[in-house]
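In what follows, structures are represented as structure tokens.
In the two assemblies presented below, subunit A is common to both, partnered first by subunit B and then by subunit C.
This part shows the complex of A and B:
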């Protein structure tokens, strides 16, 4: 197995184009597990940790451009105010050691239905910036990025450069169920973003379908029912109905981590609670 | 000629918190575990394992594997020179599968190569032609007439029948339940590892992480067809055991490869292989019924316990013994009918794990005691106090408990400990069920409290010749008297080396005590299991030290011209009757070494009557009680254990810090079984052989623990000690399960309790019984 270690983004894209058999590696928290368990034998590893710009983030026009190589630990400490949903999700990733290594770009590359970063990116309507040497840069809405179980929309010659996420305009929540209280892969997860500026709602569901996905019908329902103008108390029935609709958007399976019935049930609870907390936050902010 | 100065007392004696010699090395990462073993010019051995729970091997073709560059040997069952069989109690398990494989993960072939990856790739090129056969994977069907036979001779490993008192008892209050316990893994952190070095005499030296060197040696000799003097074992650094190293793993395989290649061979499992490479705790299916007077006084018990032993016998028979003989808890029962069964299936083999049969039964009898408390209207502490045994009572096997049995006091002590404060209005997420998963801010969270009291036999029971051997030498090194202690007892992380040092310091009054590596050059110490080593090897070291002391004091008496009576050793000095220093110990010893070897036995135990299970089966009982406080998010089924407090009688705390450490660890392990630890097996296949999906409690899951250590000396045991390691693992889990039931109001008749059980999103495996009160 070759170990390729470009030191610039252009070199990385050139190598990517030349070596479609190369597996990109950033923090290594997914890739090394795959290698150690002998689930993958790539022809080469393409190490992206020597490319400085991947480890940077910036803000322009209220949109955060988060380099693909920024680790979760920095998302928590540096972006908690701008991207609260993503920071909450980052806080649930693995152990402190994993959070120092693991990156949002790597999470997108693995495209696991259980990836913790995915639901808040879906709820925030993020875009994934990908690039190739041949065709330059393009942006993919994150809802279109996940194409199947551990599959994504990248072409063989493309790398993930960054993810663009609008700075939160309203409350965000992220909730993740696991069967122990730390260091656990999600049994189900839910992210919610309220966008009071455009009276819209964003959602993201994790570990309850072949891919991370939005609950689009639930978003529209809630956005239409919420009392955006006066921000009155949230009717209990509305929160409950929203929870049911979120669960209806899921397509979970039974596996060793949980049953489909539990996953669906837990989403009704998580979505109900999340919208209650988020709406309370919005009312308090008013 | 006598000086009158008082001698400085030797420190680090029994009762002191002596520092363990391996402590700093382990904390700094410098301790050499078995996986760190290294030898120049060694090769690596790997195991090819069966992917099927039950199959006939039609043919194995190793041709292609042998052509891989770097491969030095490929071995199959045909290459086992001795008997192709091993086993703790019955040699029924092939070293390498012959005609049949009987569980997923059974070793089929071995490869040695110059690199572990080369060996793995070569193993992948061994062609095994399997004829897949129907597998028996439901233990409840094992004794059916039409069940597939795992071995010739039927699927029953042992049926323990226990009868006492009225054969047809009745009582005004009757409670009953069914209970299931899942398969727990020992999950020791240091996976199986060993290094076999071929010797010039044609034999082999094996360095291996294990629990009982001599029982390993016996089995390796059988398989290699070699006498014991040709097969020498030395204990390598052990990273935890918990029963999972009682059976062989790499032992014979590494020796076979070393003898074939003429090279040192290292074998070291990864975590996934480790899940297939050792036995697990038996899953249990249990039906219990208690009858009582209206005030809750127990009248009778009926119990049916079924343990899934998996494909090979291992220690199933002894686990059945414990589950039956101790399976009703530390209570007085005038009339008893217990039937405990261990059966073969094509599931992974199960055997020893901390708590050994008592753990499974405790979940059932403690849940039923709570049912009884509710039925007669008393609280859970009172029902147990009222029925708990006391010293002088008889157990359900008719054995008189002839030392402390403080059931009522242990319960009272945990009940009297301060309770944790209620959750504040705006709790930190980390204090809530789900923690930073942010699943609740307090919504749906209910608090529950649960109690449990249990007991465990210490040492090997039912007439087993349970002994240990210690060799102690006292001689002058560098001008100082140094005691050397040599046993074959396995230090597995519990602190036995320190205990041996403390005993030698106490008995010989010397500061410097060297515990040399455990090996088979000295007689057997018995197993590091059954909470027995401080008792039995401690007893052997004490006896050997006493013999050495007697010899040394006789020399001193002659040299000093004094009567031996009244002389003592302390502070590296020979003391007179008044504590005055008479001579330096080094001066008395001179150039001579005083050495004694003692084989030491505890009081004999006896087999039980095969029809009634009656008899004095056990040498000692150890009691503990737990109180668990949990917060349960009843809508999501997530649990946060808030407090897990305990009281335990240890007889005498040889090393109080180490005792508390054992109690902390044991409590966490029992809690793990109650809430999350399960090897999930479906149709004979292990579905979660990794720490990603076999969940162990993290530091955020393990609560603070208030630990009360009682020291009621057992007059029959050395220093009055009582085994410590297992009791906390038995009583903690049932207390946690009880607390969860109290919080959510659901019966929860299975552990680990999953969120599905609390939320009703998965039917429990046991259908509800129509005759339940």
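This part shows the complex of A and C:
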């Protein structure tokens, strides 16, 4: 095994093109587990922690470009106002030791259906910026990025550069079910974003389908039913109906963490609560 | 592969390091620093917690090569000579030490908390130690130790 340690983004893309057998590593919170347990023996590790550009974020036209190597701890402290849904999810990741190392880019690279960053990125309509030495940069809507269990839309010569997320225009929520508050892989997770500027709703479901996914029909239903103009109280029946539609969008399985039936039921509860909290936030802001 | 890194203030070099090796293995098996413990090897238990460039990390989840040229502080580096660090003293006095396997990681995590938050609330202590498992104490004595260390630190 080789240890490849480029110090610039261009070098990293060149190395990635030359060594399709190399496994990219950032915070190591997924990759090192696979190595420690002999689950994976790549031809090389491609260490991305020496590339300064990956650890930066910036804002242009109210869209945050979040470098793939920014750890969760910094998402929480630096981006809680702009990206509240992602920051809420980041707070639920692992432990302090994990949040200081783990990155949103790494979460996307692993593409686990349980990745905590994925539901809020889906709800916000984020785009993943990927790049290769041969073809330059392209952007992939996050809803098209996940192609299967732990599979994503990256080509073998591509690396994840950043994720682009619009600054929140309205309330965002993230909820997750697990056996304790820390160190938990979610049994189910749900993210909601209200976009009052265009009277639209965004959703993201985690751990309840082969990939993280949106609940598109539930989004349209809720956006059509919400009283955007006067922002009156949220009818209890509407919150419940939204929860049912979110659960209907899931395709969960039974596994060691929970049953499919429990996951579906928990999603009805999480979605109902999320819309109740978010709508209350919007009414208070008015 | 050669790895040169600063550990507890001293530059250390190891040769023939396997590229998939963890920082934890490097510290324990090549550099003779067995303080950080090898337990879960998946970042769940926190018993291998060390500082990497001033941040508490699970050494089992850091590739040894990622530590090249960085600064590592292990539990062995907290005491000043023979004198225990106040956090270590507090763990002994409060009875926060039983089998001792989780202790080095908890000491580093508590040390980091008190450096950032000199007078932490109970929820802050629980949150800061959420990544460290202890199977003996039931945690109450550990919370006592952190409160004791915080009081002593404030009294100085």
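The rule we apply is simple: the second predicted complex is superposed on the first by the 286 of 286 C-alpha atoms of A that agree within 3 Å, B and C clash if a C-alpha of one lies under 4 Å from a C-alpha of the other, contacts with A are read in each partner's own complex, and residues count from 1 in each chain.
Just so we're on the same page, a contact is a pair of C-beta atoms (placed from the backbone, for glycine too) under 8 Å apart; a residue touches a chain by one contact, two chains touch by 3 or more.
As the structure is a computational prediction, the values presented were derived from the model and not from experiment.
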Which of subunit B and subunit C A:235 touches, first, second, both or neither: neither
Contacts of A:174 with subunit B and subunit C, given as first, second, both or neither: first
Which superposed partner A:37 touches (first subunit B, second subunit C, both, neither): both
Subunit B versus subunit C as contact partner of A:277, first or second or both or neither: first
Touched partner set for A:29, first subunit B, second subunit C, both or neither: second
Which superposed partner A:183 touches (first subunit B, second subunit C, both, neither): both
Subunit B versus subunit C as contact partner of A:269, first or second or both or neither: first
Touching partner for A:257 - first (subunit B), second (subunit C), both, neither: first
Footprint overlap on subunit A, comparing subunit B with subunit C: 33, 36-37, 181-183
Contact footprint of subunit B on subunit A as seen in their complex: 33, 36-38, 88, 91-92, 173-187, 256-259, 261-262, 264-266, 269-270, 273, 277
Complex interface listing, subunit A residues touching subunit C: 1-3, 5, 25, 27-29, 31-33, 35-37, 41, 44-45, 47, 49, 94-98, 100-101, 181-183
In the complex, subunit B residues that touch subunit A: 120, 270, 272, 430, 433-441, 443-444, 635-638, 640, 675-676, 680, 687-688, 690, 692-693, 695, 697-701, 754-756, 759, 761-762
Contacting residues of subunit C [partner subunit A, same complex]: 1, 18-20, 22, 41-44, 46, 49, 55-58, 60-63, 65-66, 68, 109, 112, 127-128, 130-132
